[in-house]
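Following are the structures in question.
In what comes next, subunit A is part of two complexes: it sits with subunit B in the first one and with subunit C in the second one.
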Partner chain A sequence: MELQLELQTQRSTRRFLPSPAKLAVNALMLLFTASCILPLLWIGYSSLKTQAEFANNILSLPSAPQFGNYLEAIKLTNMLQLSWNSARVTLLSVIGITAISYVTGYITARIDFKGKKVMIFYYLFGMLVPIHALLVPLYLLFKNFGLADQWYTLIIPYIAFNLSLPIMLISSYVTGIPKEIEEAAAIDGLSFSGTMYRIMLPIAIPVLTTVAILQFFSCWNEFSFALVLLNDESLRTVPLGMSYFKSQHSTNYPQLMAGMILSMLPVTIIYFVFSSRIIAGVMAGAVKG
Partner chain B sequence: MGKALRPKGWVLLAYLLPGLIIYSFVVLVPIFAAFRDSFYSWTGGPKKTYISIENYKEILQDNVFWHSFLNNVLMTAYGLIGQVGFGFVFALLLMSKMVKLKGLHRTMSYFPSTLAPVIIAFLWMLIYNYNYGLLNAGLTKLGLDVLVQSWLDLTGPIVLLASIPLSWQNIGFFTLLMLAGLSSINKEVLEVAELDGATGIRKAWYIIIPLAKPTLVVASLLCIANNMRGFEHIYALTGGGPGNSSSVMALYAYETSFLRFRYGYGSALAIAIIALTMLLILLSTLALQRRDSKGGAY
Partner chain C sequence: MNKRSFILGLLVVASSVLSACGSGDNEEATAESSKNVTISLLHRYQESNIGKSPEDTAVLDGLKRFMEDYPNVEIIEEQLQNEDYSIKAQALAAADDMPDVFIVPGSWMTNFVDNEIVLPLNEELEKRPEWRDGYRAGTLDAGTREGQVYGIPIAAGPTHLIYYNDDLFGSIGYDQFPSTWPDLMDAGEKLADKGINLFSYGDKSKGYAMSSWISALTDRINGPQWTESILNGSGAQFTDDGFVHGISMMHELAKAGYLNKDLNSVDADTMVNYYFEGRSAAFVSGIWSAMNIVNNAPEGIAAGTRVAVFPGVEGGLGNPLSSSGGAGVYYSVNSGVEAGEKLDAIMTMLEYMTGSDSAKLMAEVGGFPAYDPGDFDTGKLHPVALAAYEASAAADATKIFDLWFDASIVEVLNTGIQGVMAGSRTPEQLAEETQQAYETFLNNP
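And then the complex of A and B:
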């Protein structure tokens, strides 16, 4: 992420701004960053208070951490079931997205064929179409085909609606790799498929990782399709389960907060472990997109 | 690429087909199905009555729908200021040598983008809460007790209040997007500008903004598309209320179909939403490009 650091060192003239301006700018940025994270910290420590303690003073720290709130939240939301459902749907969707977008992205980067431009435009259309307008027709379609309320129901829209960006990302990444590698492989007698999987796939691992992580967030957090396509309580995903929990137990705030923390734990852990890779990926996607 | 590497046509097709099939089934087929159903009066049962363009006529006179459309437009306007505008300012600041702890700012400000919209909505519900909300607690601490109120019951500024969580969540993404755009600007241009005495705000206004225009255009289009399709935040934060004051198009289509069982009308609404959104994106693309060629700042 040295992108903008170069800019500063390359400057030939140096102007020293008065330090009040510097202080003000830094204070502003710190305030901005704090506003992104403090509400979440508030949720975090408030989830450890008793209900009375929270009602008494919403800002104070918990006097004795109430981990029981978490046990209650797990029990009331059926969090283990929700997490298992979310994990299954998310994992399979991410595998599907990554596999399909690798093959499609690789082919669009390397092969010219009739209708390629149309296909690229078709996939781009998916990024602009207001997908939530399709909730009604999609529900009717899934019901007609008997695809609603199955354990695999959500995998279908999750793959479809998350293909556009990964295809673009992977395609532009592959375009940046020298073709000589594949030509050498072809001279050695490797087939197209062999080259795609055995030679290029390992080289594309960084972009595939970024795609997989970003789509993990997208699928784990998805709510609308889960809301419309699932009736069966035992199939609910984490965001869906949380919304029912919220409407049924909205008076016990510390417990609700404990549930919220639990529901965002997986993405939080993955984000802070891979944050530099994720940010680099988003910025790369921004430049190329 | 040489002929030797070119796969046979059927191999190519076999590789591309799974993606195209699943994508078409979920994106294209529903649009056609909705178009067909939009000419019927249908409550979901076996009885479907063909009523020609009656649904579309009804849409034209449906106040709640047009109010929802205006809310979408209003949210887009707030989004352009709150997400693209502030994102751009923060990106400019993060580019300058004045700001310390850049890594921390980048990491923390993008974090909310990775959270579920439903959870973001719950968080802001708690912030806006009358008795136990951060906002009212903060106002009390500052001695501004007069401003303490039940925020989400205000019909007037409700769209603004509902747009703030959206901006809060997405500003980090737009900051990164702008940072990426800004860092691809030719550094020599900036150096020459500095030698000519352009610094600080003057440099930002006369040099950086014109050069960053392509990035700003892309960001604006993304922001428009995002806000026109907004559903989850509003559903979870206000449910469209109080009354219909914060309703958006997708939410209205959802309620019409799933709560009032008017699938035919809901399908017509879906078509209307797609048409309006595409029209708006097309118009803004044209407008932004025209200003691009007229500006001539390059």
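And then the complex of A and C:
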């Protein structure tokens, strides 16, 4: 009896006292976490410093929080206009990407046709082409077709360049859904497109959400196309707006950081709201059923 | 809300967005019809820098005055930050779609002239001799090829000045900046004992060493004739003792530990911040850093900052007071612009943006204009800015290598010097590599 009790206490203490190996792994993970979170905290409190304070000691806490930096940042960059431009371009692009990649991904997963492999390779190849190599030809193309410098200009390359990964994700997700569901729908008399939209689309919602969220980040943060394809200042997006804080030979870091926090806000909120869905969606596409 | 009304709502929003854009275009069309000349302008001066950067302040003020005086001219202006400007301008140049007026850094000039992207301006300047002759000596040079002016300079001034903390040097027994190299090394050692770097140094962007150090140092030792001889291909070599000596001096400062260890991985902003934090007693930079100190340095540092140039080198052939300098960037006109009303308007606009009034304003807010501003009100200038201005005006400007040497040679030097400063290459090796690039260039110019 006593022995049993002793064993039990041993077991319970063991549960609370992790082994040195576990401790080491946890410590390592904590370090990784800190390396991601500390810079964010640093940006956060640095955005409240004066420029001289920042220059004096870049790590110290602000002595008197300068919320004026945020007002200045909003005024300087016309943040509302930038955000509206970014939001409009990003939302329409994400809708386009999700719609096109669902249809393409579904068809490559379910139908065998001539040239399918070539098509899949073509989409995969899209992930390998560096954007900078395409800036000049793309600029020429847009200019000659009168597509440059319009409110919808960026939507076209954003959709085109962000299709590869979503198509792969959706295709592998759809492959994992049992075919019997579609066969049952066909027996009940549903057409191909009916099956695709009314039966399979709701099942694919998790992966579509993932695709939408991932591409939201990608479009929101895009810089190179926005720089080269737009001339009109009233069309600029948030990443371009960050350059207002830099002059040729100096940078107003506290204001830049205030601007960064403001520009990160929408993306961060979206990430926190949907983070569980993103993870679920990525996992869902990862394992074949 | 059911699905149908949601889709309907979406359509309404989409169509209102579309129609709003359509009406915007119409308004622009009516506005355009009242203007008879349209000039497109792409530059790296930004509204948000007015008051912070002398160049931006003066150039944009000139543009504003021009627009007020010439309401019939429509300006389609695009302002970009420095690095963004480089990316975009190079993309536009490659696509042969440059705007009417744009900025050309000196190092791009040869390429732009060879590819006929820029318009020769002699004829136009001939009509405005008073304006043309107002530029400081030498400032038009890097924008001139075979006697033809292709670029109108904006700001000039040394790329090599030393900003130093008088209090820190005072604390080790120097009441002014060391006047000989042995003294400088001695000061470096004394400062190192106190845990302070002699200079902070930031060459992350590749080009800093060449702009602010190598051009001035080499001139101290070799004299300007050597540079001329390299440029003419008349005998001078990069393997000459003088050039190797200059690089060795930089190497020694790094090897002795008188510079910050992360010298190749920090940019110029961080370099200046190290000085602000008191981690270094001095830094080498151009005239542009003066206003950075005035605006951003902690009060004690700004008050204790003085301006100097590298000490002379024993047996050196160059003027010990000289500094590498000249104009760095130019306004150029698209070669597609034809003579007539439009070109006339462009030249007037450039005169407003870079000429007399603009130059005066630039000097008054702490810049060093390419156009001689004559007498101006120095009353509002911070002592650091005034000291930098005076050092600049007194210095004998010598050529900045990265504006003059071919890009292939500049690239070898810019990359190689990082190796030398990190200790992975010797100055002799760098000299040898540069000489090879130079010979290749001479054989296939």
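We adopt the following convention: the second predicted complex is superposed on the first by the 233 of 289 C-alpha atoms of A that agree within 3 Å, B and C clash if a C-alpha of one lies under 4 Å from a C-alpha of the other, contacts with A are read in each partner's own complex, and residues count from 1 in each chain.
In the analysis below, a residue touches a chain if its C-beta (ideal position, glycine included) is under 8 Å from a C-beta of that chain, and two chains touch if they have at least 3 such contacts.
On a predicted model such as this, the values are computed, not experimentally measured, just so you know.
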item: More subunit A residues in contact - subunit B or subunit C; value: B
item: Subunit B versus subunit C as contact partner of A:L41, first or second or both or neither; value: neither
item: First (subunit B), second (subunit C), both or neither touched by A:F192; value: first
item: Contacts of A:V273 with subunit B and subunit C, given as first, second, both or neither; value: neither
item: Subunit B versus subunit C as contact partner of A:N252, first or second or both or neither; value: second
item: First, second, both or neither for A:L76, with subunit B first and subunit C second; value: second
item: First (subunit B), second (subunit C), both or neither touched by A:L201; value: neither
item: First, second, both or neither for A:L140, with subunit B first and subunit C second; value: both
item: Which superposed partner A:Q51 touches (first subunit B, second subunit C, both, neither); value: second
item: First (subunit B), second (subunit C), both or neither touched by A:V228; value: both
item: Common interface residues of subunit A - those touching subunit B in one complex and subunit C in the other; value: 55, 58, 135-136, 139-140, 224, 227-228, 243, 246
item: Touch list for subunit B against partner subunit A, complex; value: 1-2, 4-7, 9, 11-12, 15-16, 18-20, 22-23, 25-27, 29-31, 33-34, 37, 90, 93-112, 114-119, 122-123, 126-127, 131-134, 137, 168, 171-173, 176-177, 179-184, 187, 190-191, 194-195, 199-200, 215, 218, 225, 228-232, 235-236, 249-250, 253-254, 257-258, 263, 266-267, 269-270, 273-274, 277-278, 281
item: Complex contact set, residues of subunit A against subunit B; value: 1, 3-4, 6-8, 10-13, 15, 17, 21-22, 25-26, 28-30, 32-33, 35-37, 39-40, 42-43, 54-55, 58-59, 100-101, 103-104, 107, 110-111, 113, 119, 122-123, 125-141, 156-157, 159-161, 163, 167, 179, 182-183, 186-187, 191-193, 195, 217, 220-224, 227-228, 238-239, 242-243, 246, 253, 256-257, 260, 263-264, 267-268, 271-272, 275-276, 278-279, 282-284, 286-287, 289
item: Residues of subunit C defined as touching subunit A within the complex; value: 17, 21, 42, 44, 46, 48-49, 52-53, 55-56, 76, 78-82, 84, 87-88, 91-92, 94-95, 97, 268-269, 272-273, 276-277, 286, 288-289, 291-292, 295-299
item: Residues on subunit A engaged by subunit C in the complex (per definition of touch); value: 51-52, 55-58, 76-77, 88, 135-136, 139-140, 143, 150-151, 224, 227-228, 231, 233, 240, 243-252
